[in-house]
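What follows is a pair of complexes built around chain A, which joins chain B in one and chain C in the other.
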Partner chain A sequence: MSRYRLMRYARRVGVYVAALGFVTFAAFPFYWMALTTFKQNKDLYVSATNLKHVPWIFNAAPTLAHLKLLFTQTAYPQWLLNTLLVVVAVVLITVVVAVPAGYSLARLAGSWGEGMGIGIFLTYLIPPTLLFIPFSRLVAILGLQDSLWSLVVVYPTFTIPFCTWLVMGFFRSVPWDLEEQAMIDGYSRLGVFFRVVLRFAVPGILTVVVFTFTLVMQEFIYALTFISSVDKMTVSLGVPVALVRGDVYHWGALMGAALITSIPMAIVYNLFMDRFVEGLTLGAVKG
Partner chain B sequence: MRLPFGPIELPPRETFADRESLLAKVMLAPAVLYVAVLVGIPFVLAILLSFSNARAGSLSFSWVGLSNYAAVLSDPTFRRALLNTVIVTVAVQVLVVILATAAAMVFRAAFVGKRIMRFFLLLPWAVPITLAVMAWTWIFDSTFSVVNWTLKVAGLLHGWLYWLGSPTLGLIAIIIVQVWRLFPFATVIVLAGMTSIPQDVVEAAIMDGAGFWRRLFQIELPFLLPVVTVAVLFGIVYTATNMSVVYLLTGGGPADSTHVLPTLAFQRGIEGLDLGQGAAIALFLLPFLLVAAIGMLRIARRSEMGSP
Partner chain C sequence: MAAVEIRDLHKHFEGHRAVDGVDLSVEDGEFVVLLGPSGCGKTTLLRTIAGLEEPTSGEIRLGGRVLSRDVPPRARKIAMMFQSYALYPHRTVFGNIAFPLKALHTPRDEIEEKVRWAVRMFDIERYLDRYPRHLSGGERQRVALCRAVVREPQAFLLDEPLSNLDAKQRTTARDELKRFQEDVGITTVYVTHDQVEAMGLGDRIAVMNAGKVHQFGTPAEVYEHPADIFVATFIGLPPMNLLESIEALAPAGMLVGFRPEHFLPRSAFGEDEDVTTFRYHVRRVEYLGSERYLYGSLDAHEDPEKPIIARLPAMLRLEVEADRTHEFAVHSGQLRYFDEESGQRRDPPGAARGRADA
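Take a look at the complex of A and B:
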């Protein structure tokens, strides 16, 4: 009996050690961001050949100097504002276009709806890296170079397919009876969508908002291709590209920007992860 | 016997709001139009550009047939980039599958603190990739690398590792960052798939005396195969078509040795203003995408047939 208990105890310890190993690998760069953000320069820029200076901990008092520099002497606040503008515009376009499309595919479209749904999903696989060169040409022809509008127009090309697919899955899980009942009560088919379905679809729409937000925050290549002025950049472009003076990176401010941007996104993402997985696994896990 | 009044017969309504097939098309049309115009046209344009000598900044161009492809194929930098793309994509998928399956086995168990650990595990996937890559660039810094310091103190390193300054180490750094970014995502997908393993089969195997490895390879992994395939297919797309990791980590250097197709396409097409050659390079990504698309279609079809 005691041997059995010992085995169980050993297993428990094993699980913790393994879990900690994975978490350490995943979280290490964030620990490094946080440490760098608050370290004084004299603590930060010590050659790694100096084995007596332990880089893993604070060797001098923490400082807010890097964050102060970031918010007062760089364009970071402007980038946050630009990102917010693009996010709001793209979210609006995506919700207005993707929610009805997802409903149509889930409920109204017959046999061709299935194929159409898969077709829309497959366009999500056509990556920006294949399209940025022709887009650079189109954006120039439209006169949108170096304008946030170029991003507002182009970003829905990947948010709409992905969100239509997410919304379609969501509407399939809303019980059909509710809609039938409303139609018996005399609502038209369109009336049912606006008065009944949308009310139940609020969590689904919220998911669309969250994933549009994260997809826009992640985007880099279109922004890099279209935007050249520092004051028009988004966060994910400006931080890696423009927080450099000459050849010198401001690592403290740079890691501060990365940290501040990451924390809210990580929290939001964590709350919506399960729905995201459901969308991506194409129902393969439900078998 | 007849009831005094039967069910009320509603006259069939023919308003727009009730015609389902029309409504379906109208609700779907904006999405299809947006995607057709803004994905379809650039996609066709990408193919057309690859047969032209178009340059950024000028509107005139002429057709040059296959000469962009010929130029690209005889260019050692391009061949290196193509090879790098294949090496990185394959290596990352192999490592991610091993790591994600192992992590899912661990995180399947119930233990105290699992929620907070899951939060940390998911961080790499949630955070904007460009910001995370900058953290890795700093971690691999040639002078201040914490990796080198730790290896030195542990007595494992005698010389010095210039992570982003050598072709081999550069590729290894790229692979590490891509694995780091993708394995949490794959872990979550595999975890979701584990719920589909029938517990009675596993229990029967335990009764019959099957050990851990036998259970893993003969029961659990076969059940997990469809889900792992989904993770791998997405992984292929996310790795092969990603530009930001290589662009920010090594910039394709030293001496163009760590380029992948997207970064080389950017360098030639946008920075070098040669749109035709850039488009031709980017189109070599199509085989990777086709593999992923065909794989996903097959899985989608199978899960449709399998569902009740």
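Take a look at the complex of A and C:
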């Protein structure tokens, strides 16, 4: 075997080892969640001195007991529904506000647009730990305590600034010529926006949806502050509140809740990812 | 179709006068070219006519109707073609051409009919279902022209439409464009920095620089009788030779100019012709196949920055050696005189004719 051939093999092995490393890194949390969800308690809670116990395999028969606990003893289905409602409402509000705002800043505000865009983005950087106190006052004035509506009202305060800034970049990549051509071809600014510009901004809007989705799903502080009834909680709040009792962690049910919530998200992300890449490679004006 | 009237138009950008008092009247059905170096304001002027820029002051009329700033581009009944052609990448050729008709809420069968008529005219029927990214530069231009013409615009504005094509395509596309414009007879304003395009396409040429129109006339007028030094040196390749203060030819403060192709060996003229002769020191001969360029100087006017150039056609078989002084001449009628200070063209000073080896 020649030296070059050997080097080629070595290189290929190196690539696969690296890829395997990344896959393990990415998939291990999911594996761990699944494993914990279906393990019996006696397989989960083992004395630290028992060195014969192998933690990453089933040592006893799998069980559905934790899922049963999750679905019958907690309001988990209700939390899922609540989360979905809040996510859908916030995504809608964000898209409806951030997309036109981003377009205006990118195209209509002239030289002010850039500065204003950055100014708006900066508000996103103010942490919720500072804002939840004034917000709780506002929520009280609006009479929305312990209501999902409080989250629908508050969440856009961090999704809109971030997403406005995000879509600005996408709108800037739409060739000016096309918009002007459409205006000459007989369309108003609004007509141009809907018939030409939006088509280019689809990847941007999808990115907005994905980001809003993520930001809302993981939000904890505002939910903790404004929601107190168990049946009005979101998943990110309900799970730790109901399944961590004192210092008792119901690990099986906790992991089950995390797993069930994350799998559909992972699938949705992958679908969007395809569209996203497709959007980025869309044919430009000049070929 | 309609005439375009521009009266004292200004467009200033934060102190920069992009268009600085332009008057221009384009007749119905005329093909007018705005020619000038980049940054001379020609594109801004075109965009102002289209309504994409608001004029700072002045008036634009299209077919007698004043296009004030309240008239948006869509209501101006104009078609414009951009340098990039600006085809909508997510629409097919059909979709692109039909797009302006949809804006007018044209019935479906009428759209179909008009699109067919346009693509037949440009011979691109077979591309109707393709997307712009699958078309060549020349095909894209035709699609853009189809889209422009289906609206039956009153005027046609073109912004350097040929600059994306390679040199060979450009000649064909130019011919196509001119024939098309003659066929439909739409008033056309065409922007370019390429004087060959301007000369070949324009019924009249407006030569612009620094926001002003320096001369507005037919290609022959602009070439033969440039209004000032700028036009004289901008048009013509190589540009017009300018000589400073030759007392025998012109009084002080006047420049004398002549085109390189009029500057020929004395022996190329008849004995009794009215010519002005010069002693021409040839520094270098450039053989270009169809012609020869000679670079050199008149004895008294050595300026390495501005060589005096002669352009000899291939027909002229005379041997011209480099590093020698030759007897060259220009028909006296081909001499042009300019005011040194204002740059404006002046009438020939009648008396100063004859031999001028200053």
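FYI, the second predicted complex is superposed on the first by the 229 of 287 C-alpha atoms of A that agree within 3 Å, B and C clash if a C-alpha of one lies under 4 Å from a C-alpha of the other, contacts with A are read in each partner's own complex, and residues count from 1 in each chain.
The definition used in the following text is that contacts are C-beta pairs under 8 Å (C-beta built on N, C-alpha and C of every residue); 3 or more make two chains touch, one makes a residue touch a chain.
As the structure is a computational prediction, the values presented were derived from the model and not from experiment.
A.B. asks: Given the touch rule stated above, what does A:7 touch, chain B (first), chain C (second), both, or neither?
C.D. replies: In the superposition, A:7 touches no partner, neither chain B nor chain C.
A.B. asks: On chain A, which partner touches more residues: chain B or chain C?
C.D. replies: Touching more of chain A: B.
A.B. asks: Which partner does A:191 reach: the first (chain B), the second (chain C), both, or neither?
C.D. replies: In the superposition, A:191 contacts both chain B and chain C.
A.B. asks: When the two structures are overlaid on chain A, which partner does A:199 contact: first (chain B), second (chain C), both, or neither?
C.D. replies: The answer is second: A:199 touches chain C but not chain B.
A.B. asks: In the overlaid three-chain picture, which partner chain does A:84 touch, first (chain B) or second (chain C), both, or neither?
C.D. replies: The answer is neither, since A:84 touches no partner chain.
A.B. asks: Quick check for you: in the superposed arrangement, does A:64 touch first (chain B), second (chain C), both or neither?
C.D. replies: Neither chain B nor chain C is touched by A:64.
A.B. asks: Once the shared chain is lined up, is A:177 touching chain B (first), chain C (second), both, or neither of them?
C.D. replies: Second partner only.
A.B. asks: Could you tell me which stretches of chain A are touched by chain B in one complex and by chain C in the other?
C.D. replies: Common to the two interfaces on chain A: residues 188, 191, 282-287.
A.B. asks: For a test of understanding, state which residues of chain A touch chain C in their complex under the given definition.
C.D. replies: That would be residues 175, 177-178, 180-188, 191, 196, 199, 282-287 of chain A.
A.B. asks: Can you check the complex and tell me which residues of chain C touch chain A?
C.D. replies: Counting only chain C, the residues touching chain A are 50-52, 72-74, 76, 78-80, 82-90, 99-100, 103-104, 131-133, 135, 137, 140, 147, 151, 164.
A.B. asks: Spell out the residues on chain A that touch chain B in their complex, using ranges where they run on.
C.D. replies: Within the complex, chain A touches chain B at residues 12, 15-16, 18-20, 22-23, 25-27, 29-30, 32-33, 36, 44-49, 51, 55-56, 96-98, 100-101, 103-105, 108-110, 113-114, 116, 118, 120-123, 125-138, 140, 153-154, 156-157, 160-161, 164, 188-191, 193, 214, 217-218, 220-221, 224-225, 235-237, 239-240, 249, 251, 254-255, 257-258, 261-262, 265-266, 268-270, 273, 277-278, 280-287.
A.B. asks: If you look only at chain B, which of its residues touch chain A in the complex?
C.D. replies: Per the stated touch rule, the residues are 13, 15-21, 23-25, 27-28, 30-32, 34-35, 38-39, 41-43, 45-46, 49, 54, 56-57, 99, 102-103, 106-107, 109, 111, 114, 117-136, 138-139, 143-146, 148-150, 152-153, 160, 180, 183-184, 187-189, 192-193, 195-196, 226-227, 229-230, 234, 237, 241-244, 247-248, 261-262, 265-266, 269-270, 275, 278-279, 282-283, 285-286, 289, 292-293, 296-297, 299-300, 302-304, 306-307.
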